[in-house]
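The data blocks that follow each hold one structure.
First chain A sits with chain B, and in the next complex the same chain sits with chain C.
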Partner chain A sequence: MHPSLIDILGAGWGGMLLRGAGMTVFISLCGISLGMAIGVAGATLKTRGNILVRGSVAVYTLIVRSVPELLIIYLLFFGTVGLASGAADWLEWDDLTSTVFPVLVGILAIALISGSYSVEVFRGAFKAIDPGQIEAARAVGMNRSQCLRRITLPQLFWYALPGANNVWQAALKDTALISLVGLVELMRAAVLGAAATRAPLLLYALAGALYFIIGACSQALFALAERRLGPGMRRAER
Partner chain B sequence: MIPLIEQALPVLVQGFWVTLRIGLFAILFGSLLGLGAALMRLSSHRSVSWLAFAYSTVFRGTPLLIQLFLLYYGIGTLEAVRHHAALWWLFSDGARCAVLAIALNSGAYMSEAIRGGLQSVPDGQLDAARAFGMSRFQAFRRVHFPLAIRQAFPAYSNELVLAIKGTSLASTIAVMELTGFARRLMSQSFLIVETFVVAGLLYLAINITLLGCAWLVEHLLLRTHAADGSGVKEAF
Partner chain C sequence: MVISIARQAACCAALALAGAATAATAATLKIGTEGGYPPWSMVDASGKVTGFDADVGHAICQKLATKCRFVVQAFDSLIPSLQADRFDLVISGLSVTAERAKVIAFSIPYATEDSAFVVPAGSPLVTVADQATLFKGLAGKTVGVQGGTTQGAFLQKHAPDLKLKTYETQDQMQMDLSAGRLDASFSEVTPQSQFLDTAGKGKFAMTHVVIKSSADPAVLGQGIGVGINQKNAPLKQKVDKILCDLIADGTIKASSEKWFGVDLSNYQACK
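Coming up: the complex of A and B.
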């Protein structure tokens, strides 16, 4: 009566889940790249800006962090779905709202959410860089952009690495929520598979295992990055 | 503004109470699970500590939505569960299932916070308590736990906010709570931003109240007077 694991994989759901996992990784990578940009910008504004600028960064992080991720995704989706169907009519591109639009909403949502957490990560990283180094670099005649490129950014990346790992792991899991506005990623593939095969336990367990594997592999990559970058940074610290 | 106040507000406030109820039950059970798992992690029995490690790793490594669907649509539809009265009571109802899923999820995160606190207490303190003639339970209740909870509390209170945010997923298994009603209002009306603002403020109110309570507990009940040692006396 119940289909076995082999039946499900044979019916093509294994491939469907893997394609979904590919979409999950794609959305996470795009979202977190934008989120990191928001984080660096937010951290810069929060340390250098006037009280109004600092206040607005603080309000952004407070709101995005204390409101459920799902509510933010619904705001982005329902707030722009009218615009998207208008654009679909204008471009005569019928499946715009079902294909490209959820991807954009997903990337934007992950960017906003991970951005709010990475502001603090990068603020800590900025603080960890000794201001004396910047003064020294300016004193030897580097201009501001050289100083940023040669002194600040390389170290910023290193100091932000552990925090960025946490933000990435959270972003990866948050992508599952975008399935609720129609994006076919890993979670949505599992829901479709569960409905078609009537084996929800197996499909959701498989999808859960895939999320776990993606998370564990990226954890290993972060550990590798810390080890590879570590010795050089420690030598420089001495 | 007027249609918002007339139509949206009563609906959202109704959802607010559902959210609050699910969230508080989940926090209660999650904290108990977290404490239990943290104690298991420190057990000298390999299998016991491995079990707690596996629990916290699996539940922290997968999305809450998967866990919720796995419990509600996966385990909840098994024949064995349908014919078992107590299990069926738990799994047949979306709200109870949501409480279970969020408690399991946030218990895994809380166990890491509490374990950090328990491990921060120096062995010498525990040896001293034992040498003093306290039983293992007495030493835990009077020395280990009071010292550990002070260390663990800031990380633990972060998990409270995550648990409240987690309740929003209950709407995906047909439990109408704050996010569920907000979604319905957003899809049926043009009051999208307004709905978000009101629902967001309600979540903000819950989270700020919870963090305020946590702050009070941390500063009033768990206060330490390192200088005169009266904090140590309080712990007894």
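Coming up: the complex of A and C.
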């Protein structure tokens, strides 16, 4: 009576879920890249900036981290949907509001959320770098940009890796919330499939397995990154 | 994946150019729908919207001579998105209620979710010809309804000599019916036929007497309508007229029978 796994895959839901998983990874990657940029910039401003700049970064991280992710997504979506409709009419580009807009909102939301957590991750990483190293680098005649490229950045990413790993995993799962504003990513594909096939347990189990595979693969990549960045760092730490 | 995204982007760009060229002749009607409420609105594995409301949407677009585009979104976000002009219409099994009518406009109710009793197969009540005889036959029997529904209120008002048993969910009610703790259940036709297609197959049957919401609109609601932005009065006029045509020419009836096995057309709406 209930459809089997083979029926569901045969009806094409496997492909639908895989496309959804692709969208999940795409949104997560774009969002986290922007978020990391926000993180590095925010951390720099928070450690080096004047009181006004420091204050604005603190307000941003405070607000975004205190408000539920879902609310941020709703605020972004309903705050800009009118604007997007206007732009779509003006450009005579219907796809803008129906297809492209949820993707943009998704990327922006993930960027804002992961950015707010990354600021603290990178601030911690900045602080972990021994100021004596910077002084030494300046003393041997490196200019600011050399100092940044050779001393600060390589260590910054090393120190930030464990925290960034957490932020990435959280961002990956936050994408599921974007399904509520019409983006068909992995979670949404599973919900639609569950309704259409009346086999919710199977569809959700498949989606869970796909999330697990994405998470496990990214963990393997992070482990690889730690090993790759590791040797030079361990020498530097000695 | 990255390649296919790039291709999609290229496609979008190409479509945009094509769209810009043809926009003057035919605009696209954007229709918001839930996609997760079969058989009203659902999405197949290729992402295509199907179901009764998809048929209604396509029929409206055909009459308007425009292209249709369905936007699938969570049910909660449909009305706010309609207000924000994200789409032109909401067609998603949307009940016409006074509360919703404050923020959006409704078309005529094109369909009514009728309610019906499910009783053990072979019961003489299945073939009873009218509501009065049915209620007489059920007097003193235990009937299950879902709590907070219009069906419970209707029975309390019109059939006070039934023993009502209220359930949290449809599933719980149907399980108790299967276990023989209920003499009948009373609910909307859609979940009832779903039950008869699955767990209750062969053991239970729906009564031939169906309670139309026109029996008591104040209690049972005014039916299912198309949501339209309140600022868009011309579109509401067009949609109302088209829906009346679709009811009159049997399009709604055919589609309803295809998806629900019964005719949900609201023939009262255009009188």
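FYI, the second predicted complex is superposed on the first by the 238 of 238 C-alpha atoms of A that agree within 3 Å, B and C clash if a C-alpha of one lies under 4 Å from a C-alpha of the other, contacts with A are read in each partner's own complex, and residues count from 1 in each chain.
The rule is simple: a contact is a pair of C-beta atoms (placed from the backbone, for glycine too) under 8 Å apart; a residue touches a chain by one contact, two chains touch by 3 or more.
Worth saying up front: this structure is predicted, and the values here are computed from it rather than measured.
A.B. asks: Contact-wise, after the overlay, does A:Ala176 reach chain B, chain C, both or neither (first, second, both, neither)?
C.D. replies: Only chain B; A:Ala176 stays clear of chain C.
A.B. asks: After superposition on the shared chain, which partner residues are touched by A:Gly15: those of chain B (first), chain C (second), both, or neither?
C.D. replies: Second partner only.
A.B. asks: Given the touch rule stated above, what does A:Pro3 touch, chain B (first), chain C (second), both, or neither?
C.D. replies: neither
A.B. asks: For A:Gly49, decide between first (touching chain B), second (touching chain C), both and neither.
C.D. replies: It touches nothing on chain B or chain C.
A.B. asks: Just chain B (first), just chain C (second), both, or neither: which does A:Ala205 touch?
C.D. replies: In the superposition, A:Ala205 touches chain B alone.
A.B. asks: Examine A:Leu70 and indicate which partner it touches, taking first as chain B and second as chain C; both and neither are also allowed.
C.D. replies: A:Leu70 contacts chain B only, not chain C.
A.B. asks: Report for A:Ala196: first if it touches chain B alone, second if chain C alone, otherwise both or neither.
C.D. replies: A:Ala196: touches chain C, not chain B.
A.B. asks: Which partner does A:Pro154 contact after superposing on A: first (chain B), second (chain C), both, neither?
C.D. replies: neither
A.B. asks: Scan A:Phe26 for contacts with chain B and chain C and give back first, second, both or neither.
C.D. replies: Second partner only.
A.B. asks: So chain A touches chain B in one structure and chain C in the other; where do those two contact lists coincide?
C.D. replies: The answer is residues 74, 78, 179-180, 191, 194 of chain A.
A.B. asks: Mind pulling up the chain C residues that touch chain A in the complex?
C.D. replies: Listed in rising order, the residues are 1-2, 4-5, 12, 15-16, 19-20, 23, 28, 30, 35-38, 42-47, 69, 71-74, 76-77, 80-81, 84-87, 198, 201.
A.B. asks: Where on chain B is chain A touching in the complex?
C.D. replies: Within the complex, chain B touches chain A at residues 58, 61-67, 69-70, 73-75, 77-78, 161, 164-169, 171-172, 179, 182-183, 186-187, 192-193, 196, 199-200, 203-204, 207-208.
A.B. asks: Where on chain A is chain C touching in the complex?
C.D. replies: Going by the criterion above, the answer is residues 1, 11-13, 15-16, 22, 25-26, 74, 77-78, 81-82, 84-85, 91-100, 179-182, 184, 191-196, 198.
A.B. asks: Tell me, which parts of chain A touch chain B in their complex?
C.D. replies: 62-63, 65-71, 74-75, 78-79, 173-177, 179-180, 187, 190-191, 194, 200-201, 204-205, 207-208, 211-212, 215-216
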